[in-house]
Structures are given as C-alpha cells and as structure tokens.
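Across the two complexes that follow, chain A remains constant while its partner is chain B and subsequently chain C.
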Partner chain A sequence: MTSAIRRRVGFKQTLAFKATLALTTAIAALGLAPMGALAQTPKAGGTVHVVVQPEPPMLMQGLNQNGPTNMVAGNIYESLLRYDEKLTPMPSLAKSWEVSADSKVYTFKLQEGVKWHDGKPFSADDVVFSLDKFHREVHPRWRPIVNAQVEKIEKVDDLTVKITLKQPFGPMITTQEVASAPMIPKHIYEGTDYRANPANNTPMGTGPFKFKEWKKGSYIHLVRNPDYWAKGKPALDEIYWQIIPDAAARAVAYETGKVDVLTGGSVDVYDVQRLAKLPNSCMTTKGWEMFAPHAWMTVNIAKGGPLANKQFRQGMMYAIDREFGKDVVWDGLGKLPTGPISSKTKFYSADVPKYTYDVAKAKELIKASGYKGEPLKILALPYGEVWSRWAEAIKQNFADAGINIAIETTDVPGWTQKASNGDFDLTFNFLYQLGDPAIGVARNYISTNIVKGNPFGNQGAYVNPEVDKLFAEAAIAPTDAARQELYNKVQKVLVEDLPVLWLLEMEFPTIHRCNVKNLVTTAIGVNDGFRDAWKE
Partner chain B sequence: MNFLKRFCRNRGAVLGLVILLAVVAFALLAPTLFPQSPWRPVGRPFLAPFTMERFPLGTDTLGRNLASGLVHGARVSLMIGVVSTLVALLIGVPLGAAAGYAGGFVDDALMRFTEFFQTIPSFALAIVLVAILQPQLGSIVLAIGVVSWPPVARLVRGEVLSLKSREYVQAAVTIGQSTPRIIFSQVLPNTIAPIIVMGSLMIGSAILLESALSFLGLGDPNLMSWGYMVGAGRTRLLDAWWISFFPGFAIFLTVLALNLAGEGLNDALNPRLARGRE
Partner chain C sequence: MNLLQFLSGRLVKGVLVLFAIAVLNFFLIRAAPGDPAQVLAGEAGAADAQLLEQLRERFGLNEPLLTQLWIYIKGYMTFDLGFSYRQQQPVLTLVLDRLPATLLLTGAAFVISLALGVVMGALAARRVGSWSDSLITALSLVFYATPLFWIALMSQIVFSLKFGLVPNVGYETIGANYTGLARALDIGHHLILPAMTLGLFFTALYARMMRASMLEVAGADFVKTARAKGLSPGIVSRRHVARNAILPVVTLAGLQAGQLVGGAVLTETVFAWPGIGRLMFDALLQRDYSVLLGVFFMSSAMVVGFNIITDLVYRIADPRIEAAS
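Let's look at the complex of A and B:
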C-alpha cells in the first residue's frame, strides 16, 4: 500500500464510459441487460420536478449543511471531488490529485475553463479562499479538521493547489464532498461579513445548475448552466424543487404526476413499497453511502445503576428483536448493523461479537447483572410514527426480558434538550457517518466528546481510555492498512462493551419515474446527481 | 321503583345502558379475555378482520391483536372518562355552590374566574396542559378535568340560587344552622339530580377529549387507548381500514350510549318533564 501512495488519477470518464458501453452491450446480448440505462445516450432537455422536504432554511451551502439544503445546493455548488458508491474519490473541480509518499502533501490540479455563474473565472485563489478562510471560519465539519490537521493551504499556480498536513490524516481524501467543502466565490465573499452577505440569497457556484427563483413555501427553480465546464452536461433544462409540507400530499403529488422524484425520507415508510410498484416507477436505496445513516439506542451510562453495567447492556441487546424492527417497523428497509461502523463506511469490520435475538440469554444476563427491577424509561424520538412504533416494539422486547420499562414522549425541542443534557435513560438517535470513521463515528464514543448542549456527541457519556486511544491513533495512522487494523480493534472493543445498542443501518430510498435516467450515480445521490441525470 | 319504570320508558336510554354495561363488562373482563399485553406483537401485521379466529378484528401495523387492544382500551377510556369527570365535579361543584350561596362580590369574582376558563378553547388548553406536564395518565386526567369544570360550576350556581330562597332553607337559616351545614345538608342534596345527569354526559365528552389527545400523540404512551389506536392506524387508512375503524366505532358507540343513558336519567330524575312528554 505504501508504495502505491504516489498515484495519479486522470479524467478518463469517456474511456470508462466506452468500456461500460461495451460491457453492457455484451451483457445485453446475453439477455441480461442489468445496466440498460447506461447504454443509452443522454437526451438533452426536459424539466424535472423533485420533492424537497422540509423547506431548506437557506441555499448558501457554505453556511448551512441541513439535509434539504444539501439536496438543492449540491447541484449549484461544487467541490474538488465527488465520490462513487464505494466512496472512491472521482474528479470534480479537481481534474487530478496527487498524495506525497509521506501522506502529508495533497496536490490538486484544477479543471480548465471553469467559470462561476456570473462569468468570472474560477481559479486556485477561490480554492484557497474557500478552504483556508471561509470554511475555517464558518464550517462545522471543516473547521476542526483544518485547525487540527492542516499546516498550510497554498496556491502553486492558477490551476494548482497544495494542502500540507501536520501529520498523515487518512480521512483527508474523504473530506472534499460538496456539502463538506463547497467552493465559494472569492470575488463575492472576500472581506465581507460572510453570514450577512446579501449574495447568500442568490447562491452562486460553478455547478451544473444556476439558481433562478425561490418562491418560499412553494418551489425552488434551478436552470441549466450553459457554460458548465463538463462539455455536454447537464442534459436537463430545469429543475423544480417542490415544497409540499405533508407526507401524504407528497405521495399523492407523485401518484398524480406532479413530481417526478421523491427524495429519500420524503414519504412515509409504509408508502414506499406501494409507490415503488406504480407503473413507470423506479426505486433505489443507493446514493446515501456517504451518509450511511446509522440508528441506535443511546444508553445513559452516566446515570449509573443497571445502565452502567456491561452485562445489563448486553442483556438488553439480546432482548431486542432487531429483525422485527427492520422487517415490520421499517417495512424491510435497511440492514442490521454489526457495530459502530456501518457496512457502507470505510474500515468496516464484521469480525465482532454477534448479538442475535435470544430472550432466554437476555434474561440470564440481566439476572446476572444484579438488576432488581429498577424502573427505566425509553425517551421516544419524536420524528413521526415509525419511531413511535419502534419504541413500542422495543419496550415490549424489554418487558419480555424482565426489564421494568416505560415510554416517555415529548416534542422535538423537548427531545433535543433532554438528549443534549443527559436527562434520559434510553433514547433513540441516528447519525450520518460521512464516509470515514474518524469524521462520523469516533465522535459518538470518545470521552472528549461528552458535551452538553448537543444531542449528537457521546450522549451516554461512555468513557474507555482504550477506545479513545485507538480512535486517535487510527485517524492519523499513515496507511489504510494500519488504520484498518486499529479500527478492527476498536470495533471489537465497542461491540463487546455496547456503549449504545446499534439497531439499524437505515435506508432512505429514492423513488423516481423510470424515465428520469442516471439520477443516482454517486455516494450522495440526488445531492449532486442532476449533473448526469437526463429525461427520456 | 318509580324511577326505574320512568327510565325504562325511554327505549333509547335502555339501549344506551345495555351498550354501556357491555363495554364495562369487556373492560372488567379484559385480563381474562386477553391475558397477554395488548402491546405484544402476536401475529402477522395487517391481517384483515374476520379471516382468522385468533384475531377476530385483525392485527395492526406491528401485528398486535386489535381485539385485545380494543378490550384493554375500554378500561383506559372508561377510567379516564370517569376519573376526569370526578375531577371536574370536584372543582366545579364547590365553586358553583359557594358562588350561588354567597352571592354578591364572591359570586361576581367566582363567575368571572369561571368565564375566564370558558373563553379559552377547551381543547387547545388541554393540549397545552398535557404538553407542559408531559403526557402521562395523571396529567391527562387533570387537563380534562381542568377544561370541563366551568359548566358544572354554572349549573350548580344556578340551582343553588333558586334553592337558596326556598322556605326550608330560610327555615334552616332561622333556626341558626351554620352556613356550611346548610349548604351540605339542605342545598346540595337537592342539586344531585342535575349533577348526575350532567356528569354522565361529561364522561362521554371526556372520553372524546382523551381520544383526541391520544390521536394527536399526546396520550400516555404506556396505555393502550382507543384514540391512540385510531391515530396509529390513520396513515394506513387506505389499505388497512380496520386498524382505525374498530376503535373509532368503539368510541362512537360508547359516547352514544353515555348520551342516551344520560338523557334517560334526565327524564327519569325530572318527573315533571317526563310527565309533560306524555
């Protein structure tokens, strides 16, 4: 691996495309044709109506990274890299890149002839401004990385940028996704108060689509960028992001043909299968690999008592019928996780202790833990019906295993407050993993992240110096192989310890008309998918 | 005996009473009929009603037995209806009696206080109370009681006002009985009839209120109630109508029965009115 570090990735898409074409033709000749969409030439023109849910607070992606913001703005802005479903980096604004032998210097060569939507040229100055100034100040994900890991970011020439790290930092190559590091126009933002800049209302990037109009409460209108740097792209003329506040109304809008794409999570879980079976309706669960939403039950270890007892937690894990949760509560969507790292995220390992649904074993462990019927409460997550049903199902599981359990309900602000301040016994949570365990996984288990006021840290206050050490070492280990070894270890320790009870690798299917082709091709799906999408 | 006869003369009232007794019987027999927790998934989800003997009313989204939920829900709905009505009476009767008997400034003050509660939409107030106090059995009963006492207070005040000037009350005053004693021994016993009638009707509206709260997700999450069942099934109304239909029908029947029986009680306890009807 070390010897292979020095590598160059060229922009060989046309070649790859031809190869795929040949392969597809061969398969089609055999009568299999699984990739028919790729074999057709994109047709130019057309309008697509997409559901965005809920309405984004703003579209300036450098300042806001909410789910709906990313869905829309990811097609206006661009970053240096894109990622395929295996999280392998692909060229975007960076045409190619090079990593030095000591894994400390990243050199990015930029595409030629890229223009901002106002016609000004895009150059290395914009990259340096975005990564070193803008995001260092405002971006919640880039700021900690740039401050802790990056020594300097410099312009070599107009089309070359060099990032020098303080130490090897493996996750670096996964940090250039569009929501994590969108390129911001220097000529508009330099020297201004970023958050108060009036240009925030008219977002402008280098992306395949330009912002045209936002009718609040109704729709967001994007139009084709005719000067887009990738020749012949995008194929579509217009995208309307429709804002429809009610889940049932969104389903109806799709059924009646008002919208062409239902983005992940925009309809009730129960409606997914029905809508996917409509004529000319296609469904995919891909396009969420970068996020890999992982759901679990947080255990408040800081409360002490049975929850602080490892045996008791293991008993709870055996008591939960996770298959039932997946098949019945989530209507078959998702996959059972083996531990803290999603199977879609890098450095996943399946070599960990297994917990299968076993009430007898659960009872035995709970008895052995010295549990004497202390009352415990599940704080339900107020994110709609599915989560309520899930709480009920697990409550029954726990009751069957002899735990004195009750459900507590509250509203979203109430949940955020309780979950942020350790005011719960057990609660649900689900978080994005963002491609690399150092970015999206470690935060929930390391003791330095036991913070009040944020519900997405180490809320159960799990403390294990060994885990802290392993996560810290794994983040800066020089090679992927070394990192893998450390992550294997930490997964074993965590699955044995059960700081939280992992329940589901969630899936948010995208449902779309089958004549909208090539929509989900990357690890972030529709968030940057309209560049390559076309309509038949 | 006369009372029973008068009650039975109203056929609707008898029908109401029969339905009510049946609901009460189901509620009492719930642990015998369905010893398992109604929350336990016992079969395939979305089983249609009348297809399997084990699940006469079908199963819900998680494969829980709807019949079991319905019967256990009867206990919850009835209990909340009765207890919260008692709470409302406990607030309303003393306030109304004090206002009516004392008159003057006390009457004015108490009635303005009552009107203050009457001007707030009762359902909105109940939602706010439950949301603040956390959805639990106690807070739900309290919230329903708090929003339903004003009519009781006004009714009792009116009755007391008219009773106060009766000769036997005047006589009690003359012989020097203390005011509390007059209220409790002379006045209140004579207001019992309208209070009973009103109470029986209030149980119905309390059940409706509780169902509405549960439907909105503000019920006690650990109690299987009819309103919760309707709410939990509403997103599947198109393909699994039975999940919402049966508990909804149970609410309808029970509230109807309470109203019919209450009407009958009113007729029976108010002989003049009943005779006038003939």
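Let's look at the complex of A and C:
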C-alpha cells in the first residue's frame, strides 16, 4: 500500500457545508438570490404512491434481500454507509470512519442521538450484534465475508465500532450497503429464533420511515419517522407501496395518476419511452450503480460435448446479434458488456478480446470445434415476455450459425431448480455486481463456487486454476492499483475463455412524476432514496 | 329416501372426497419442479448451502415425505391449515384476510351474470328469430369467445384511461381512509370493472344455456298441452317452460358458486384485486406449499358443499327427483 487510506468524511462534509453556507450568505448579501437553489428548496409533507413489483415476501431486511424487499425496507432500515453513484462511501449511521495504515482495521464513529423506531437508543452494541452475530448466522452475502476476512468486530465505546480484518480486504468498504449489512435491533432479536421472531412482521429500523401497515395483496404503508436523526428529513409524510401484479395495469395506473413512481423494471420495456414522454413524467436510469445488473447466457461446461469446447463457445458469441438484443428486444435500454465486469463496477477494463456479430466467423469456429449437430436447448428465463423474445432471437442467431437449437420453457421455481442443479445446456441469468468484483463477479467463475442448489454460483462449472488464483489475489491485494492489474488479467483470460456469453449491462429506468424531486441520489436509487425525496 | 338420509349420505361422500383430494393435492404439488427454499433464495440474489439448509428446515422440507404428509393431514383434521413460513403467517389468517375481497368480487359477478344471463336467455328464446334474439346470441358469442384478460385490459383503457369513469386497479382508494358509507361506495366504485369483466363470461354462458334449454322445453308435449288448454303465452313461458328449462342453469350456477372461494386468478391479477385467486397464483409461483394446499382444500370444500346444495335445489325445482328417490 502506497499510503494509508484515511477518511474523515464527517469533517470534510462539515467543511463543505461551511463553505456553502459562507457562499450562500455572500450571495444573499449581494442581493443575488441563487434562483436554482431556491426553486429546489425541499417542501415538507406530501404522500407518494410507488409501485413495488412483485409483492415482497417479507420486509425484515436482515432475513430477506429480495429486490422488492430492498426497495421498501431500505427506507426502514439503515446501514453504516451509503454510496453515491460513483460508489464512493457516504456517511449514514456511521458519521465518519478511518482505515488503518495496514488496511486491516476499520473504525466507524456512529451518529449521535439515533433511535430505533420504538424509541430505544441505537448504539455500538447493535452494530456488533448485527455484523458479528445476526448476519454471520443468516446473511448469505455477509456470512462468507465475515467468516473468511474478519478477525473480530468489537465495541470501543457506545459510539465507536472497530472491525479488524485477518488481511487487507479491498471490498470491505463497499460491503456496508443497506441490503448487505442492515442494522438489526439487538434488544428485539438477541437470544431469539431470528426467523420465527414475531417482530419480522412489524419491521423496525432506524431509517427515515416507519412501518405502519401491510395490507397483503394491496399496499405497504410507511410513515415519516419524526425522530429521525438527520434533522429536517425526511420531507415526505407517507409512502404507499402499491402492489399491482399486471404490467399493463401498472402503466394505466401511472397514466391515470394512481401512482407517482414506477420503480425499475415495473413496466414492460416497450412502454418505458411512451410513459417517460407523458406530461409531468421524468425518467432516470441512475440508481443502479451498486447493483450493475449484468445479463449473460450461462454455458453448462460440465455437460461436456461442444459446450466444453472453447472454439464452440467463441463461435456462439460471434453468432449472437447482441446489438439487436439491446436495441430491439430491450428497446435500447442498456449497454453491450465487454466481459465479466460491468463498466459501472470498480476495476472494469475494456482491454479485452472483442466479439462482434459475424455469422461467417461463427460458422468457421463452430466447424473447427468439431460440432456435429448435437441438439442443444436454451432454458428460457421465465421473467416475462422480453426474456422469451430474447430466447427466440438468440435461437434464430444460433440456427443461422448452424447450431441445432431448441427452446425449453418452465416457470420460475422450475428454472431455479434446473439452473441451480446444472440441469440445462444454455440458460440466461443476470446478477448484481454489488460494487466490487470480489463480491459480485468472482462468485460466478471460481471453481470453489460450483455448488449444486445455488443459482448464483458458478452454474456452468467452469474451472480454470489461473482464474481462481487471480480472483483470490485480487480480493486481498493491498492497493487499488494492484487489484486493478490483477482484474485486468482475469478479464482478459475470461473473455478469451468465455465461460459464459455476456449479453447486456442492463438498465432498469425509474419513471416518476417530475414533481417528486430528489428521488434518485445514491447508487441504490429508490432503495434508500425516500430519505432525501420531496414533493413539489 | 327422506331429506335427512339424503343429506347424511351426501355429507359422508363429501368428506371422503375431500380426504382424497387433500392427499392428491399433497403429492401433485410436490411433483412440480422447484422447492420453496430454492425460490426464496433465488429471489434474494444470494444463496449458499447453509441458507438453503436453514430454509428447508424452517419449511419442514427436510422431513421424510410421509412425515410431511402425516403432519399435514393431522393438522387438517384439527382444522389447522398450516403456517406459511414465506409470509410468516398462519394459512387460515392469510385466506380469511383475502376472503372478503374474493367473495365480493365473485359474488357480485355471480349475481350479475345469473340475473342478466337468465333474463337475456329467456328473452331470446321467447322472441326466437327476432333482432333481439340475434343481438343477444351475437353478444353472448362475443363475450364467451373473447379472452378475459383482453376484455379486462381494454376496459381499463376505455373506462379508466380514456373516460376516467372508474379506477382501473385496486380494492379501494389507497390512502383516502374513507369510513362507513363513503368507504362502501369507494369499494363499489372499484368493483365495477372487475365484476363486470368477470360476470360477462358467465352471463354469456347462462344466456346461451337458458335460451337453448327453453327452446328445447318449448317443443315438449306438456307445453303444447298447456297452450292447447288456453293458457296465456306468459304463463306458459314462466310456469311451464322456464321452470323446467332452468335445471341446467342451476347445475352451472352450482358449479360457479363452488368456485366463489377459489377466486378468479386472471381478473384479480389484472385488476390488482387482493383476493384468494392472487394468493393462490402467487403461492404457486413461490411453491408456498402450505398456502396452496390451504386454498385448494377450501376451494374443494366449497365445490363439494355447493354440489350438495345444488342437489337440494334440484329437488325443490323439480319435484319428480324427490318422488323418484
């Protein structure tokens, strides 16, 4: 490590605030009203109706990290940090933090005067309980990190927590997003059977909104937390998360004014532009930087035959008209990926072999691979019409390149089971990258993650010791520069090898009434966005 | 056979049928690919073997199949429909929570379709060959043949979006906090589109059946006799034709009534109506076995119950059945 990473964010923010205050005072003294700033002064009050789709299974975010759960519960619970769109950490329940010179000790200073929604004080005890006990036991993302990387988590005083690592672990600072490490009230959960705790039905955090009511099948009602620690926030009085199962009906509900916000992925892709162009309608594709959903076609290498042949996989990659998929199937939403790491994620490199749509080259490679017309199937992802169409488009591409291909369909549980157990030839998948390749990317390519029953592992059973080594080294390399170098190498190897066929850096636009302001300001968008949102 | 014997016989058969259905449902659901733990983990975007094991244990899926069956049957014998670990609530609570919305929707659709269908069918049969008969027949055919989801979506676009007459989704105005009569009227306002949509299909069915049945009976000898002895066409139609023609309609109505509790999956989904149909559909996609089995059982119980009621109504509508038995 070239120099110690030291961040005193709270201090920096105070300075920035003072500078802004001084400037504003000076402008006011000169009689020059900052018009833009005045027009954007948050207005207190108001109710916002938001679509959440599908209905979350539960709202206790420590026990469930389903997308809809996170959208709602991310405004009830909080974590130590928040992240801006460049994934730079920002204060949340931790007002500042320091990293030791050897990158092994993280010290978090907590905000003062924070209360749980039941009025009990939030303290370092809750942080230690959440990270060292609760999530270690039940959280599938935090558990492997804490077990492999963390030596101890300890309370220094009521407002200070220290996490000591076994070795430097670069992604550590990116792990404190609310769905990955929500703070759980120790006084409610300690000594109980977490999954059977009745409090799971009445989620309680420290966040800007309190849980009020869940009318199953209809709506979830959150109300303003008047004791929220960030003074003056939130501006909104209430949020109603409406459950409308049909995509076309959701679009009509937005058009008729029944809902104000259509969260990402809640309307059909071909409706997005139309709805975004309605009067008083705004759209943003921001707010997904932490997740950076990456779509690909998984190749079941473990099945052997043509799928285990690199030339055949390269032939398939040349055969796919990915531009068509992006522009027609996804109606222009998204960007073509260059490899396993999204351009939105840290340590991305574009310096990798390129694959363009080239049927002649595809045929050549497929022929050279020794393919003899063995029948193959695409297991379609049953997540709606657009995925079915994509399967059909790619089936056509493969057929044009001389591959004997068919489509297999099933429902979501059927897909999960088949994909988890390696019962497929080719299938779609898309996964969140979670801000750092060590957390959200390596899991799909390392041989230790070939686990039956897990749909988020290395489902195609790709094995390459060099890739394993590079990912392992990159996770614990002491500096970002060293990590970048290792990730550059692994991206080159993977793109040459093609364990999967990368198809799209997906975009899930949020469509909302333009008078709902400041909604998407962080890397997780609406998931923690209502803290700062207001209604004009 | 007196009424008591008749009823007790039917009830015993009903209980046996329900037991067989309960066992069949248990195996049928488990024959489908996928399990609830995998689905829940799948939705979370993160899973490891330990999480799956924890969830399976929680769902009771790590028990041998026969033990699971025994726990399920034992629970049902004590009127315990089980617990949904996914939703963290007893199945009975979930079902009862959705029951009012479903009964309101299916009940309203039932009444609308039965009343409209019988009247339309009778009218068409009395004026066979006239323009009104042609109109009713054509409309019935259209309503019968058009997919429900298409009617549902078109009605939303026309009546909600274009004319702004009625809300397109939901059970009531969320956040309005109406009470008393205002709330009843608000729910009624939301009910119009889904009830009409759901009712149209059955209206068409009843109308077609009533018309055909009345025309068939109208040609019978006893109707000719009634006419020959000088009864007015109205009396012949009401007392002799309609009463006999209504039997197939009663059968159909009994079948529809049996489905009242099962909800209406399509209508409830498109109109975001928080009923049992949606609870069942969601449970199917989540492989929430206990909820699915609970809803299936209650629906089956309703069908069996309404079949018994239909048999009773038959005896009242057609005294010959009682005489014969």
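Observations on the model:
Throughout what follows, the second predicted complex is superposed on the first by the 505 of 536 C-alpha atoms of A that agree within 3 Å, B and C clash if a C-alpha of one lies under 4 Å from a C-alpha of the other, contacts with A are read in each partner's own complex, and residues count from 1 in each chain.
We take it that a contact is a pair of C-beta atoms (placed from the backbone, for glycine too) under 8 Å apart; a residue touches a chain by one contact, two chains touch by 3 or more.
Only a predicted model underlies this, so the values are computations on that prediction, with no experimental measurement involved.
In the superposition on chain A, no contact is made by A:G191 with either chain B or chain C.
Looking at the shared chain after the overlay, A:P465 reaches neither chain B nor chain C. Legend: residue contacts after superposition of the two complexes on their common chain; A:E408 is shown touching chain B, with no touch to chain C.
Contacts of A:G119 after superposition: neither chain B nor chain C is touched. In the superposition on chain A, A:I244 makes contact with chain C only, not with chain B. Set side by side, chain B and chain C differ in how many residues of chain A they touch, and the one touching more is C.
In the superposition on chain A, A:G373 contacts neither chain B nor chain C. By the touch criterion defined above, A:V252 reaches chain C but does not reach chain B.
Common to the chain B-facing and chain C-facing surfaces of chain A are residues 248, 410-411. Put simply, chain A touches chain C in their complex at residues 47, 49, 54-55, 57-58, 64-67, 138, 140-141, 143-144, 195-196, 200-201, 215-219, 221, 238, 240, 242-246, 248-250, 252-253, 255-256, 258, 410-414, 416-418, 420, 431-432, 451, 453-456.
On the chain A side of its complex with chain B, the touching residues are 247-248, 268, 270, 274, 324, 328-329, 380, 385, 388-389, 391-393, 395-396, 399-400, 406-411. Against chain A, in their complex, chain B makes its touches with residues 37, 39-41, 45, 61-63, 131, 134-135, 217-218, 221-222, 232, 235-236, 239.
Looking at the complex, you find that chain C touches chain A at residues 32-35, 38-52, 54, 58, 85-89, 94, 97-98, 101, 153, 156-157, 160-161, 164, 167-171, 174-175, 269-272, 274-275, 278-279, 282, 285-287.
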